[in-house]
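First, the structure itself, so that you have it in front of you.
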Amino acid sequence: MDKPYAITLSVGSSLANHTGSWRVEHPEYVNRMPPCNKACPAGENVQNWLYIAEDGSYEQAWRELIKENPFPAIMGRVCYHPCQTACNRSFLDEAVGINSVERFLGDHALEKGWKIDPPEHETGLAVLVIGAGPAGLSAAYQLRRMGHQVVVRDATHQPGGMMRYGIPKYRLPREVLDAEINRIKEMGVIFQLNTRVDDVHDALEEGFDAVFMAIGAQLSKRTYIPAGESARILDAISVLHHFEDGQTPMLGRKVVIYGGGNTAMDVARTAKRLGAEEAIIVYRRTRDKAPANDQEIEEALEEGILIKWLSTVKYMGEDDMMIEKMALDEKGFPQPTGEFETLEADSLILALGQEVDFSLLGNNVDLDVKSGVMDVDTNMMTTHPGIFAGGDMVEGDRTVTTSVGHGKKAAKYIDAWLRQTKVEAKEEKDAVAFEDLNTWYYTDAPHAVRERLAATRRVYDFSEVVQGLDESTALYEARRCMSCGNCFECDNCFGVCPDNAIKKLGPGWGYEIDLDYCKGCGICVSECPASAIEMVSDL
Amino acid sequence: MLRQVEGSKAVADAVAACAPEVICAYPISPQTHIVEGLSALVKDGSLKNCEFINVESEFAAMSVAIGASATGARTYTATASQGLLYMIEAVYNASGLGLPIVMTVANRAIGGPINIWNDHSDSMSQRDCGWLQLYAENNQEAVDLHIQAFRIAEEMSIPVMVCMDGFILTHAYEQVDIPTREEVKTFLPPFTPRQHLDPADPVSIGAMVGPESFTEVKYLAHQRMIDSLRKVQEVADDFERHFGRKTGGQLRSYRTEGADTVVLALGSVIGTLKDVVDELQLDGHSIGLVGLTSFRPFPFHALAEALKGAKRVVILEKAFSTGTGGIVTQDVVRAIEGMGIKDFTVIAGLGGRPITIASLREYLTNAMQENVERITFLDLETETIEKELSKERALR
Amino acid sequence: MSTTQIKFYQVGSFAVGNRLLREDERSVQSDPERTNALTSGHRACQGCGEALGARYALDAAMRATNDQLIAVNATGCLEVFSTPYPESSWRVAWLHSLFGNAPAVATGVAAALKAKGNHTTRVVAQGGDGATVDIGFGALSGMFERNDDVLYICYDNEAYMNTGVQRSGATPPAARTATTQAVGAKPGNVFGQGKYLPKIAMAHDIPYVATATIADLRDLEAKVERAMTMHGSRYLHVLVPCPLGWGSASCDTIKIARLATQSGLFPVFEAINGEVVASSKIRKKVSVEEYLKLQTRYSHLFSPQRNDEVIDHLQRIADKNIERYELMGE
């Protein structure tokens, strides 16, 4: 079209005017630390695998997940999910049910029979892992992925450690446990069961290039309890272990469990399932001080288990026992009151915690023990070069997830040690705070609740108590993730820029700031729901 | 075909024959009959493919016209007096954007005091607005000028005002030949806008222009206006070829051969002046008449030619610039610069005061003797003026 | 409500788009092929709400009309920053005439299209609050009364920003402008009767009147789209905060618009044939103070000492809106 001079202009001709020159700062896309990732003892990149799962790419999500943790189906059942405790969404409505999505992915993988790829190359180096518990298996898995030859030795006849001998099957069905361990076997990890290692030093001499000790804490702590001659006092670990091996322990009709941890809950619930009319937990402090996971306490109570808070066992007889009520002093510590109560009890099971059996250290003094646990450095190596340790036998939370994390971490340092390289220190990043997010953009979407078996039904057998999510619910749950600190391609920045200075690069590619036009107003930063953009000075 | 019709109706029919696509108007005397006539033609279906918009003000009228014309529609509106003043901002904008709108100004005085009768104060106030201004001598010329105006406007991309004296022409019944639509078609081709709003070929019309280019924009408008002088004549000549009538053009001389005194005027008063010139010539006076059709663009060259040989020129104006004098005079003076022609201005017919043959004869008789002031207000009530002036001055 | 409610949890209907949404559920702005009716290189201030609002609205109108759109623009910031010779930021057929005549010019465009038998090209007129509620008010009312086939969009930033932040008929009470300075016994704008154009538009019984803000893109787009399904005069009043005139941080433009709605000061609703048919419910109610304190045009209400009387008065205005337009959910 003919255009009269100056008064009529060609459309879009302002592109010649590069308004970027006005700017003193510009936005940059960043990947910040989501609180779930930071909280995960196994170091899972939770936000990332949720992100991948959100569009239904379950296999890809699962593969991302198992880079850090080979047991999603197990985790989805036994992990106490600190990720959910840390989840920023809890400030908005309810935390994302990360654990249930993890279980869905784990179960889905088992259903589909997805395998772990064998290592791309063999290093020719060999590592001995002592203990087939979560720490040992996690280390074995990671080391094998790196191409090392791995032998796992365990004193028992089945792998799994406390996952098998400490966690009852109503929480972790054995077919799930077996299937996930089997996947590790299929990678070429050699299992030597019923093989107790008496002295770790011998192993090195056998020709292993490194050793990872992860034998757990198998010894029950005991306490002195005045008891009658025929009083039946057992320890929780043995009860669970024997039961797992098919020997039903004689507990009687009325069972008292002494302790307030998860093991106490597990053993009480197991006793109930074995036919005890009454299972009573005695714990000397209050509920909020009990180390047991709250959900486990809740489920125990639902199943009719009585808990005597603020009580200590004073005496155990043949078919009854005496407990003393405690009261909290000003400092909040329980003190005896002199008030006693007699309970009917056929057996007393002690669940007072566990200790490490250090017999495998042999007589050599080059391995230090400190405060009842193995002394390891930040690289998980003991005081003996080439011998590493992790799991319950070193300092840390005694949970499956922490152990998996230890195994992974140890594997990384063992690998570095074997290769004579250094693991690059990761910068400790602050987690994205709720206040950093622009939560306006997240619609309210309450937590998808996993169904649980009715309490009356579940005390009669060992069926799994907590059910999994179906696919649509798992997807819903995954999509509740707010993607803290990481772009999830919501298009907000692309939409809210008054200068069209953001280019959308297409699915998976994110966005790019067009610095020719960006005036540096910062609206994209303010309106990013996930706090995944930051302003950076141009000066 | 000759018809005995009211001037407004004749103009309405002539405009309709030009097949405008958008007509918008706000009523103001003495323009009303024109747009009433057009609204009826649109309403009864005789003027097809045309939208008639009753707007809420003259400002809106011109604004609607701007939008319509910028969209490539042949657009018409009409106004007068206060109405023209009310739309001024848009009037300037229309020419600034080069939109070939045709507008009738049914000339009327400007208040206050409010006065509905004829003079040229309204259109003269728009001397510098960038529109062409063509003044009709009679209703036939009013009809013809509208048809010519569309063609000039569209060929030059400049809006055109056709000025016709309110009441004197708009409300006068005369015999007029109004070309039919079919006849006009042969003279006025369909409107092909220089630019228009088209989603298929979008442009941004109406940019802000700063000091670096504003002078150039204005200079181009000036040149376009100067160039249109030739177009005005060409179109008039072509009109004559089509319709056999000599109307429009830059100016027309009447009995000026060898005249010592030439009267110059615009609009319907030319008819009266022709009679006066006839009478004075009969009495043996050397006097002629130039009727100025095109005030904008001003035909400096043609006027100088027309006045060649005259000793004096008397400019009759129906408007004036307060404190200065004649408006047309300023341009005439420039046209005759260095020709040794004396100029006299007579301001007449303000606010509808009749311009009588008797008064004109008396004034011109004196003017031919150069026995008049450089500027004279015809039939001024001197007694009242002197009384009021002395009163006012005493108060100061 | 006019917003398309999308069943999506991670990000609901408030974000611009999302990779997980179906194409047809995404906003116009999420489309990399969107028109960018107002493209880069314009000279609006950093964080300009009007630039954003205009692109949102016109891009939506372009999609709704299959790119068959003509836009008419009143004089003002939007016009000045988009078309200084020799560069235009528009990518639509666009005409600027004057400050006070955009509705009438648009009427002319619509009339021309109709006369030419063009029934597909649609017309949008746009202007700021000064052009709309003050100088162009007569023309707008005329356009409404005739029910001319134009969607008029007012980008309301509550003062004459282009000339340096002078008071307009849409300036809220107590706000500081260059002509209602924060001096004297009653600093800031007067508490008059207000001139709320959406209601005046509704009084014309035109087919569609709606308010929107740049804080709810999907709602804005849905309203433009709905308006484009109708013929006759339609009016959309969009709140577009002005960092310069309101004295707010350039990054807070959308946030402030959001607070305006969540405090109740700016009700978001739509009316068909003169009757309110829906309003956007407040999701996270805030006091007017939270809105006011981000803007230096209200800073005299907080320092040197807090002016409870005026703040309470403004809160009552917000509360009245909440009641009148039923802004709280069930």
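Observations on the model:
Read from first to last, the chains carry the letters A, B and C; within each, the first residue is number 1.
Quick note on the criterion: a contact is a pair of C-beta atoms (placed from the backbone, for glycine too) under 8 Å apart; a residue touches a chain by one contact, two chains touch by 3 or more.
Quick caveat, the model's predicted, so the values are computed rather than measured.
Of all chains present, the one whose mean CA position sits nearest the global mean of protein CA atoms is C.
Note on interfaces B-C and A-B: more C-beta pairs are in contact across B-C.
For this pair, subunit A with subunit C, the centres built from the Cα atoms lie 50 Å apart. For the pair subunit B and subunit C, the distance between mean C-alpha positions equals 44 Å.
The distance from the centre of subunit A to the centre of subunit B, each centre being the mean of the chain's C-alpha atoms, comes to 92 Å. The set of subunit A residues that touch two or more partner chains comprises 6-7, 9-11. Each of residues 82-83, 85-86, 88, 90-92, 94 in subunit C touches at least two other chains. Annotation for subunit B: residues touching 2 or more other chains are 97, 198, 202-207, 209, 213. Those residues of subunit B that touch subunit C in the shared complex are 21-22, 24, 49-51, 53-57, 59-73, 75, 89-90, 93, 97, 197-199, 202-210, 213.
Residues of subunit B touching subunit A in their complex: 96-98, 157, 194-196, 198, 201-207, 209, 213, 216-217, 220.
Residues of subunit C that touch subunit A in their complex: 8-20, 26-27, 29-30, 32, 36, 38-44, 46-49, 51-52, 55, 82-83, 85-92, 94, 217, 243, 249-255, 258, 283-284. Across the interface of their complex, subunit B is touched by residues 67-70, 72-73, 79-80, 82-86, 88, 90-98, 100-101, 104-117, 121, 138-139, 141-142, 145-146, 148 of subunit C. For subunit A in complex with subunit C, the touching residues are 6-7, 9-19, 22, 54-55, 440-443, 445, 476, 479-483, 488-492, 494-496, 498-501, 503-504, 506-508, 514, 516-517, 519-523, 525-527, 529.
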